[in-house]
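Handing you this structure, nothing more for now.
Letters are used for the chains, namely A, B, C and D, taken in the order the chains are written, and counting of residues starts over at 1 for each.
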């Protein structure tokens, strides 16, 4: 059985704006890129049964999650004419207002990046074993379920 | 005639990754946001008749451009359930690999931001009076035309 | 066979465990699932999928050796 | 009437100007356009739209006073 090196797409804690800036800057040497599309997931202060969410504690089945992130990235490359494609998802606590998901695709032209970022984001929500405990100020929690 | 304050969406020179990071960070206090979608236009080193583009010198009919940027933003807000919407476009020289367009929309849920960022980007390409002189190393140029 | 059972989110909460080893000769996932629920009755009310060696499988999937089984509650990524 | 004519990109290059004032009584954009092309023959081969007071108008748009007219070559934003 051939062993394929699986990229680690999981990041401990929130994804910072600085990480995003750094990632964008890294793409400036690729002068065949004409368009980037970036999706960011941010933790909302939803009200659930009268109580406000203060953060989400994410856990993941890491080995499988990284395998599925890789599959999704490969599917995106086979469907769309991409130059680059990156995915990062948080584990651990991400407070409201902070970022938990960063999907970044680049291509020569815009249509491909729009389609690819959307495809990857939908596939992540549906297929990646990441779990979220929505935390309240009083220490209680509920489990988040993607629709 | 009522005077409406028109936002200036034109930026002198390239849009920096730091500006993007700062803009993202500013949205972390808005805890009703769940999703952001960012489109970035980057100047490509296209080859035209055997010569490589080294940059684009953008000019704009500034008053009209800002008026149209504003109209497009308002149309996006009326079409999609957005929390925020921002547009920045460069004027002056933007070298290959550097960023010339930054479209940033935010919403409670992802579908609206995907649709809005795409709508805004298409509308900009079609309707905003921005002109681009593609520069070659030998000092010659051609005029860029959006398809 | 020795199966490693992994629990996540709601299923970890319901079983009070994140991982355990099970030594027995189950033929299918359905059989294993029944046994797990008997041991951890709180899991009965929880909606979960099962992965064998990091791939989601049906209840009629046949267990063939030392596999890694994961009980996956609804996903919440993004 | 006094019209301010603005040129951009290819039309600025073709006319050698970025702005000029025109004093005359044109009725329509078509009439003004003909005059501008007579003055700057290089513009004949350039594909451009015309804006009056920052709004794109047709050639049959009627000029009614001191307006700002812009000759807009194809857009290249993004």
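Criterion: a contact is a pair of C-beta atoms (placed from the backbone, for glycine too) under 8 Å apart; a residue touches a chain by one contact, two chains touch by 3 or more.
If you're wondering where the values come from, they're calculated on a predicted model, not measured in any experiment.
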Label of the chain whose CA centroid is most distant from the centroid of chain A: D
Separation of chain B from chain C, taking each centre as the mean of its C-alpha atoms, in whole Å: 49
Geometric centre distance via CA averages, chain D-chain B, whole Å: 26
Interchain centroid distance [CA atoms averaged], chain C/chain D, Å: 73
For chain B, residues contacting two or more additional chains: 41, 110, 121
Residues of chain C touching at least two other chains: 78
Those chain pairs that satisfy the touch definition: A-B, A-C, B-D
Residues of chain B touching chain A in the complex: 17-18, 20-22, 24-25, 27-45, 96-99, 106, 108, 110, 113-114, 117-118, 121
Footprint of chain C on chain A - complex, ascending: 41, 56, 58-61, 63-65, 67, 89, 100-101, 121, 124-133, 143-146
Residues of chain D that touch chain B when the two form their complex: 6, 8-10, 12-13, 51, 54-55, 70, 72-78
